[in-house]
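Structures given as structure tokens follow.
Next come two complexes, and both contain subunit A; in the first it sits with subunit B, in the second with subunit C.
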Partner chain A sequence: MSDNKYIDRRNFIERSFRIGLGAAVAGTAGYTLLKLTRRSYVWQIDPFKCTQCGRCQTDCVLPVSAVKCVHAYDLCGYCDLCGGYFKPDANELSTAAENQLCPTQAIKRQFVEEPYYEYIIVEELCIGCGKCVKGCTSFGNGSLILQIRHDICVNCNECAIARVCPSDAISRIPVDEPYIIKGDFSFTNKS
Partner chain B sequence: MNKGFKILLPSLAVIAALLAVIWLVGTDPTSDFVAGVPGEDRDADSESMVQRQVVKIGEFFESFTNRKNATTTENWPWFRGENHDNISVSKTPLIDNFSADGAPVLWQYKLGEGHAGAAIYNGLVYLLDYNEDERADMLHCYDLKTGEELWRRWYSVNIKRNHGMSRTIPAVTEDYILTIGPRCHVMCVERESGDFLWGLDVEAEYESEVPLWYTGQCPLIDEGEAIIAPGGTALMIGVDCKTGKINWSVPNPEGWKMSHASVLPYTFQGKRMFLYSAVGAVYAVSAEKEDRGTLLWAEKAWNHSVVAPSALGMPDGKIFLTAGYGAGSMMIQLEENNGKYSTTVLDEYKPRDGLACEQQTPLFFDNHLIGIAPKDAGNYRNQLLCVHPSDPKNIIWASGKETRFGLGPYMIADGKIFLLNDDGTLVIIEATTKEYRELSRYKFIEGHDAWAPLAIANGFMVLRDAETLMCIDLNKR
Partner chain C sequence: MMKNKGILIIIAILAMAIVALVFQDIRKSSIEKRSGGDFIYDVEAYKKVSPTLISHKETRQLLLDCSKPGGVFVYNNTIYFTADDELYIIAADGKQKKKLAFHSHINDLAVNDDAIYLLYDNHLEAYSHDKELIFNTEKENEKSVFTSLVLKDGAIFVADAGNKRILRYHTDGNPAGEFEGTGAKGENYGFIISSAYFDMDVNGDNELWIVNTGIHTMQHYSGNGDLKSSWKQTGINIEGFAGCCNPAHFAFLPDGRYITSEKGMVRVKIYDQKGNFESVVAAPEKFMDNGHAPDVAALDNNTILLLDYDKKMLRFFEQLEK
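Moving on, here comes the complex of A and B:
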């Protein structure tokens, strides 16, 4: 006597494949759902709180800071006298090195048409010192801001810059909104 | 180990070390650096793209009424009012506090983006707007109380938006209206009729450099002469308002440039002079009949690339100079000896060390200076400050870190400071050198960049932001 139903090898293999396939589909769906719904976080600077103290340059664990200057072009006035490009009271408004505020010449200035000039950040040269951001904030529209670049940042558990930031401008934000751009006024987390 | 290896290995190591030293010493790590030199921002053909437009100053006119005058009588005839000090001479009592609705708004107009302020003469408001639809400098004449436009005169000139376009105030006398447009076009018209008298293209005639963000120099009329500081080939000129004839011209051998500041009359020990804070120096030209148009003195220690506030002369010969963009301030002492004038620098400091102003000229009130500190003034940034001229680094009172302002204008009328903030909020502050005492505030314009100087006559104040001109009734009832 036996209640055991006989399953031949072919049926056993077919059933095993079906169960395996179902589990794989369900697992993939679950994993995808988890990835889509779970909120990962990255470190970022709130430009509305940043005071350009200079610590982003010196306190990042990387040899060259992951913090870079970012240009919000829709805020820029395209001025001839750019407070982010020129030293205060520069001798003349020319590209001569002695007139430039950036210590690494990481901002390129290009004439567009009278009276406009475009300012482009060369990210490879930027060390995140924030001098240009301070100049632009003090004398211009504030279109230059500091941001942590996530292709460089190693996303430490405890950000070394956040630890020393005097204005608490660095916090974790959702990875699906990894930048806080000043010109983006649809952004709701403004301080 | 083989004896040969024992010699060979150390030898190779020494050779490798030597090669490393040679490489280290001989390699220039800066070999790929490129020197930053002037002109990297322009292509070779950039200059050829710039073409000067031929402008026919005062070309067009339109009248809307036969009426020539209005009913009110007080004046605010030019930049900083009748006495060039931004303090109203009117005895008209003004409100101390705004009601829940602020104050009655009598009329308002949409303007081209800019910061040009109004002048008021015999109940008529004169304003040089840049009309963006017509692409023209347009002089409007409005009734102060009703806002009715009486006439307009204009001329075509292409201006691109550059933090606004218009930014000057006409000078008005019984007979004349004098204007300077964004690209240094001077126009003189007959006051009542608006008839065109003459025009002068300062940029073309005097090889002047139009300042960054266009002309900010408000014209001056003195003894029937238009007083203009062109820079270029002339420091200052006097032009007959009736004919347009150049009566006198002061040479400019050192090439000082036109700034955003305006020429202000100043009297020191009975001597009248025209004071101007240029890019390159501050200087004064005699306004007296016997030597009118003669350069009296210049102080080259005051030299900054952007100067917007005008030089502020005080009765004891102290002259306060201030500018933004990191420049700070300087106090100089003017002295006279046998008809010769000389200056001494008393103090010079950065914005964080004392009173400095970026855009507006400070007030000289009750022997004190009052002005708004710029953004780079450290703890005092954007605060209204009061100092004594003997020590402008010692802040007597400040509006406080909770009460900061922008680049907007401020003036005194009926014992009160009226201050317009960037966002169109008008603030009433008690005019005192004792403390900052705010009386009331109200936001009249949902706007931005409200930087044009205020004008007031018969209790009616004309104010504006970047795009809206408005007249409000501040009369106390």
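Moving on, here comes the complex of A and C:
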């Protein structure tokens, strides 16, 4: 006597659907779990290593670099004579174009109250050349820094700027902490 | 045959020319030689100082085995300086006389016949010269960052960078008031202190001078906080002070001239009694890029002492012969 393993068509289709559905649910869950646990990485500049060489502006694959100046306001001195805003040989501390260090006038100087001025980065105009960052670092508190903006960056497998960065300031960092911002140490260290 | 030879020679020359061009192109585009184009901000020019402006030469360095130097002070031509939690007492020729250990990092110090006063982040302690505790003050609020300490007319003055004010204590450690500064022309915006640099000193005429770093101004105050006089030097060039917080440190030469020390592009300069730029003690090339301003003091023979936070050294600069 042999076991009767005959399955009728209706049962076969039902069973196939159940198996298919189970596999789809398990697959989706597995994929989601994988996405959640696997860390993704993005390129970012370490402002403590950056030497403002200018290559972020010239070597990004995008027509206008994904690197932009970012202002860490808690470090800023809100100075009248801002080393990041004015050319060293500025004839007066005014917003006249010839006095500005930024080649695209991407920094807005705004009077707050005597003797404080606020400096705001106009990101659409910033080309990531880092001139202001160099001025701020050399003469001020270093509150202006360069960062790769991830809404613009295409996250190349090999970042063209990282390849030519002379100070190895660009590396991959976890996507859940995508920016390296200076700040919050102004009064715990002599900075 | 001759014709083929000619063609071969032309091809060989062309091949050599192509190889030379390719080689030159590779050489030009090598990573090391690439620059950021026309958008580089060259601040190197501002680091160069004309040799005619240099008035001192470095004659000695004392390497410090520490993680963070504190402050330097000269009393009776003896050098007192702190590094981490230790106080070093050395003769003017650099020979160590004494080393005393305390409990935590000391930010600054002052010395007189009666005591050694040590400044911590938010309080002050006084010890006898034999290291017996005389008093310690109450801890100020958590925002306090004490950066400088001077003695004048039987009172102790402490600069609090965190709260942008000067605290006054009696010599027994009891509080005796405080004052906030004024602008260069008496404006009421007080001291503009945007980083933990806030220095003061007393000159040979017993005048209390405080640096209002945010407006690049040296200010002379009475013990009650009344502004008596001031001078200001703003500018990125060698004659001026640039940035948000300069001069970060200063001290007086025996004849009342000012020794100033700047952070960022670190440079140490001398200004005369009226605040006119006179000379450069140490150019930026002597220090680390974007470094901390060294604390300064002077010996009786005009030798200038710099406590270098980056290189962790006490550096001696003697005046060049004219």
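As a convention for this text, the second predicted complex is superposed on the first by the 154 of 191 C-alpha atoms of A that agree within 3 Å, B and C clash if a C-alpha of one lies under 4 Å from a C-alpha of the other, contacts with A are read in each partner's own complex, and residues count from 1 in each chain.
What we mean here is this: contacts are C-beta pairs under 8 Å (C-beta built on N, C-alpha and C of every residue); 3 or more make two chains touch, one makes a residue touch a chain.
A quick note: this is a predicted structure, and the numbers were derived from the prediction, not measured.
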Combined model on subunit A where subunit B meets subunit C, clash or fit: clash
Touching partner for A:Pro174 - first (subunit B), second (subunit C), both, neither: neither
Which superposed partner A:Val164 touches (first subunit B, second subunit C, both, neither): second
Chain touching more of subunit A, residue-wise (subunit B, subunit C): C
First, second, both or neither for A:Ile127, with subunit B first and subunit C second: second
Partner chain in contact with A:Leu81 - subunit B first, subunit C second, else both or neither: both
Touching partner for A:Gly30 - first (subunit B), second (subunit C), both, neither: neither
Which of subunit B and subunit C A:Gln105 touches, first, second, both or neither: first
Touching partner for A:Gly22 - first (subunit B), second (subunit C), both, neither: neither
Contacts of A:Gln52 with subunit B and subunit C, given as first, second, both or neither: second
Subunit B clash site on subunit C (candidates 3-11, 21-29, 129-137 or 219-227): 219-227
Interface residues of subunit A shared between complexes with subunit B and subunit C: 77, 79-81, 83, 88, 113-116, 137-139
Residue numbers on subunit C that touch subunit A, as the complex places them: 31-32, 34-37, 39-41, 43, 46, 143, 145, 161-162, 183, 187, 189, 192, 194-197, 214-216, 234-237, 242-245, 264-265, 290, 292, 309
Complex interface listing, subunit B residues touching subunit A: 35-43, 46, 49-50, 160, 162-163, 212-213, 304-306, 324-327, 374-376
Of all residues in subunit A, those that touch subunit B in their complex: 77, 79-81, 83, 87-98, 100, 105, 108-111, 113-117, 137-139
Residues of subunit A defined as touching subunit C within the complex: 52-59, 76-81, 83, 88, 101, 103, 113-116, 127, 129-131, 134-135, 137-142, 163-164, 166, 186-187, 189-191
